[in-house]
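As written, the chains take the letters A, B, C and D, and residue 1 is the first residue of each chain.
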Amino acid sequence: MITLTIAIFLLGIIIVGLLNRYPKAAGVIAFFVSLIPFFALLSWSSVMNISLPSYLHFLNFETSWQYNLGPGTLILQITPLGWFFLLLLSSLFPMVILFSISFFRSNAGGFYAAMLLTMLGSFGILLAQDMLTFYIFWEIMSWSILALVIRGGDRKAIVSYLSFGALSAMLILFGFMLLYFKTGTYVFAEMHLDASNLVLAAISLIVSGFAVKGALMPMHVWAPHVYSKSEEPFVAFLSGGLSKLGYFGIMLFMYGVVGFSLLSSWGTFRGVPLFGYTLAVVGAFTAFAGTVLAVMQDDLRKLLAYSSIGQLGYITIGLGIGTPLAITGALFQALNHTFFKAVLFLAAGAVYYRTGKYKISELGGLGYKMPFTFLATLFSIFALAAIPITSGFAAKWLLYEAAIEKKFLFVTPIMLIAGVGAFLYAYKILYGVFLGEPRYDVKEAPLSQLVPMWILVLPLIIFLIFPGWFVDLTAPILQGYGMTAIPHTPFMINTSLAKYNTLAVIFGFIGTLLFAFILYKSKPQERVEHLDNYLAGEPPELYNYNIAMHASSKYYEPFDEVFYPYFKKGAERMWEIILAAGEVFGSGARKIYTGIVGDYSIYILLFFLIMVGWWLLW
Amino acid sequence: MVNYIDLTIQILVAMGVTALGFAIGMLFNGIARKITARIHNRVGPPIYQGYIDVLKLFTKKTNISHGWIFDFAALFSVAGIALTFLFLPVAGVTLLSGEGDIFLILYLLAIPALGFALGAGASGNPNAAVGIMRALMTMLAYELPLVMVIIAMMVYYDTTSLAVIVQKQANMQWAIFIPVFFIGALVADMALQGMLMEKPFDIPIAPHEIASGPMVEFGGKHLGALMLYKMMGIVVETTLFVDLFLGGGVVLSVSQFGWLAYLVNFIVWFLLILFVFFIALLINAVFPRFRIEQALKFYWKYDAIVGILILIWIFVGVTI
Amino acid sequence: MMAKELFPEAQEIRKGRIRIETQKDKVGEIIKKLKDNGYEHFVMLSCVDWIKEGKFELVYQMWSYQYKEHVMISIKINRDGESMLSMRHLFPQIETYEREIHEMFGVNFIGNPNLKEFILEGWPHMPPMRKDFDTEKFVKDFYYKIPEVKEE
Amino acid sequence: MNHENWSKLARIMSKRSLWMIHFCTGCGAMEMPPVMTSRYDMERFGMHAMATPRQADVFLVTGYLAVKTLKRVVQVYEQMRDPKYVIGFGSCTINGGMYWDSYNTIKDLSKYIPVDVYIAGCMPRPEAIMDSFLKLFDMIDKGEAIGWQKYHKYYDQYKRNQRMAFSYRLDEVKDIKEDDKE
């Protein structure tokens, strides 16, 4: 069945690629093909101890698949972790394709083909059981992303993606090589690692390689360029779905391959492995810096890109802390981020579809014109800002609890402040795009764009009411790492420090809202025009009803003034310095290419001597 | 099986406590104006002026709305602040506060603020947008020292639940009597000044600069709802402070003294929040206003440095 | 160089106050020269209605921080529709003064692109600062004739 | 509670909590600080200054009004919510005061918006202002302060007068006079 899936995918790629002239038809075909991973997901639900009614998994996929490839065997097998991340990607992917059907007016066959190839790559990555398979599918995914970035057509985006993608692949490959050198096997299950420095180096390289895809600072440089210059549905999938693959990789290797006890053997601090501690600190810094940079942006997509970086930083914190509570929080944050960030990017796409603008200072007042887009955005923003009327809060809460439980005294304030900073840019999106002066007379987004957005909002509501269901999902994953799921009931999560009861919040909110509604309905009201505003008595008719009342240009100017000096020399500058140093080194190194055969043979000899010496001394 | 009688009693108590909260909030408005007037050597309005103002706003003959997003402000602000109040232990009475913790309270406080911001933004008035910008930045400014102190307390008491913190301060073992948390209380009191939007941090409202900022377009019942939010906000924020540092006003244990304990605790709680509010008023009455970046620098430089010292103190002190 | 040295024909009213009476085509030259010689502050442009002579007097006033001296350049133009060249290119703020004089006296300044309505909104009558405009009559004809609100 | 009692309660509340917006174009605004501060302290009556007309109940027009300012005054007055009261402040709002023959200031404010209480004087002393407040309370109590109802009732006439003033056109004045005669 998996062979068939891959075949259908490849066939679909060829067909939609040929249908470049007919974007609608290509989109519909791509949509049907894109549903297959979701069916596979349903048929594999037994991995997560979920028993679905039989009509939901009418396609029966085998749980493992092997292919002999000469040097090694490609092994694909469903694991709880893979299932969880496949849930995120396979539920996001069809919605993104559905959105694209009306988003693209022409020339979209290549887009669908590359998207399907990306999904195929991700599918393989999530199922991979050995490093070879993992790397092959990783490259498929990376290169098809490159094709999609090239479609965006921005040189800086392409160059930065290409260079950082190459860096990522190099780091991962080098880490894999070290692991293979150490263990002599590709298969994860057969690896028996010890607490040597070689393994530490390997895992560090692998984690930093995945951090590029997860846009962890300072590896994030490519993300704002790519996010702000590519096509919207792809960016939604990239930010919502594909960036999670980096965290999937980190989780797989940190907790699946290496394991918590081995991590601890390289030193612990207050019960947290130093490796994880470093990761958590980097994550907290990413969360804070990403948030601050997001507040400073005017381009809607750049803002969302930096916001993505900041929100993904929270996942890193959770993975770094590494307790069951923290991992649950990190996975929950991953789930929330998948859905709310995808909705936000899709909403940005819908706004662009109607107005043709991405600059926040040029938009405004769309809330009354596009009410459903606005409400979907509002809900995602609630999730983003962790307002307790969406599931976004539970994830952040778990992470805070985990941090307090392990007494992360200096990381937690940074996390909380990044959370408050999220309010700032969240309101910038709401005000700049949807509230204020109506500047555009546009219609609501088409139904085929609204439906995906609202379907993607649904999980945020479901897991608000039943956070316990989510904890159930994490139980098999944690079991694999020798941990137990945190205590919970469907409506309640308990920790050693406190508990969080969603029923109390929901019914309390409904009750108080009822009270407020009665107060509010006590008096009738009349609707007035937006121009009937107090402008120090200036009558709008004097200016032909043409007063600019939108204050969204340079909205957080005092904030920018305070923070800009500290963020002026960003990570890009750091990489430039490294590159300049590399260039100096490179031009020195070029001198060894003398062109004389004798010299080259001496080099080869030296290399062998060093390698053998190193091996002997290790 | 749910016990319906218990549930009904709980709901009634919750409604009663909420009503009490609003009543105390309105009373505080009058007291605040009276005290400020006395500091200015004026007579000032009667102490029940808050009730009159709110009633007047709800009896206005005509009300305007800028559309359905504008109405979010009136709905969310009252609902959100009442919900937050329910999650606070008041004088040792834990209504819903066992069901959530301080993080939940901090985020619940964002519901009314965000609803308010939505309504103000939807009015389309540039003054409102500038006011919201200032409000959000003030929030960012004061939250840093506040969360530093709160996290220090969480680690010290090894819980994040406010109800448990109050419980652990029973028998007059208030946090403020511990030297490090005495300094912490000072830091948090500065943050409270920003939370209450009293001078020198009344930057978001600033009636003389931006025409009362976010509230510029609200009148009649909408403004009445926002007044309720603001007044209840005083009670919620001072109660949070009292719960953290002053043992929630619990002086008698309920198991020992019965209903008398409830009465005494409520009176002590009331006096304590009045005292905390009184300090804020004294600062308010004599200070001019900061600019927004000055407020940010004040909180992140001076207040936060003391906060970091407290964190270091706790970090060194707490061992595993 | 002080104004007295630049323009021998200038008369000194009292210490620190110089008055230059000239023709309208020489104004630009004089202002330029004064500007280059330390009179860097253009104070204001005012207008006087000499109804018996049938002239408007335009007074350009300049000040030097260096010499502490106030120079008034006075020209006269005919009341009936004679226009004046705009001095906007020398000091941009003259534009606003010209706009005001245009509205209040009806003098046309050639070369000023912004000669639109200034303070009065929708004023259809004779420019109100001219001496032949009878304000009392206008008030009686206009404001006092607006009816009271009749209550039934 | 029946309607009459309700409106009586509303009147009492609105009397004891008059929030005002003052339109400080004229020199009369200078008399407001003593009224607000410790010498006379109008907050005794629950009055205090508000920043925007949406929140205000009393409109203080302090001094002369040019036609251009009248436009803003009307705009602000219409943005206030009912019930709303207007206090005309100083001679200028009554008959033009020292600007009686100015071509650009209106002479009688009550032709354009309904005025509940006038304060005579050029300028009125703070005592007079306090007295006018008391008078206004009295009127609200008795239900005589009905300027806002008049504005609804004779809206056409007020609008006509405002339009005439804004247009400055003598012929329009004549036209409308003739219309009235018919």
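Here are some notes:
What we mean here is this: a residue touches a chain if its C-beta (ideal position, glycine included) is under 8 Å from a C-beta of that chain, and two chains touch if they have at least 3 such contacts.
In this text the structure is predicted, and so the values were computed from the model without any measurement.
Contact analysis places A-B first among chain pairs (by count of C-beta pairs in contact).
Centroid distances built from C-alpha atoms place C farthest away from subunit A. Taking each chain's centre as the mean of its C-alpha atoms, subunit B lies 38 Å from subunit D.
Put simply, the C-alpha centre of subunit C and that of subunit D have 38 angstrom between them.
Chain centres here are Cα averages; for subunit B and subunit C they lie 60 Å apart. Annotation for subunit B: residues touching 2 or more other chains are 60, 62-64, 211, 216-217, 220. Listed for subunit D are residues 52-54, 71, each touching two or more other chains. Contact with two or more other chains is made by residues 532, 534, 536, 542 of subunit A. Of all possible chain pairings, those that touch are A-B, A-D, B-D, C-D.
Contact residues on subunit D toward subunit B in their complex (touch as defined above): 6, 9-10, 13-14, 16-17, 37-38, 41, 43-46, 50-55, 57, 80-83. Here subunit B touches subunit A in the complex through residues 11, 14, 18, 58, 60, 62-67, 69, 71, 74-80, 82-83, 86-87, 96, 98-101, 103-104, 106-108, 110-111, 113-114, 117-118, 121-127, 129-130, 132-133, 136-137, 139-140, 143-144, 147-148, 151-152, 154-155, 158-161, 164, 211, 216-217, 220-221, 224-225, 228, 291-293, 296-297, 307, 311, 314-315, 318, 320, going by the rule given at the top. Of all the residues in subunit B, the ones that touch subunit D in their complex are 33, 37, 40-46, 49, 52-53, 55-56, 59-64, 207-208, 211-212, 215-220, 223.
Residues 67-68, 71, 96, 100-104, 106-108, 110-111, 114, 150, 154, 157-158, 161, 164-170, 173-174, 176-177, 180 of subunit D are the ones touching subunit C in the complex.
Within the complex formed with subunit A, the subunit D residues making contact are 23, 52-54, 71-73, 75-76, 79.
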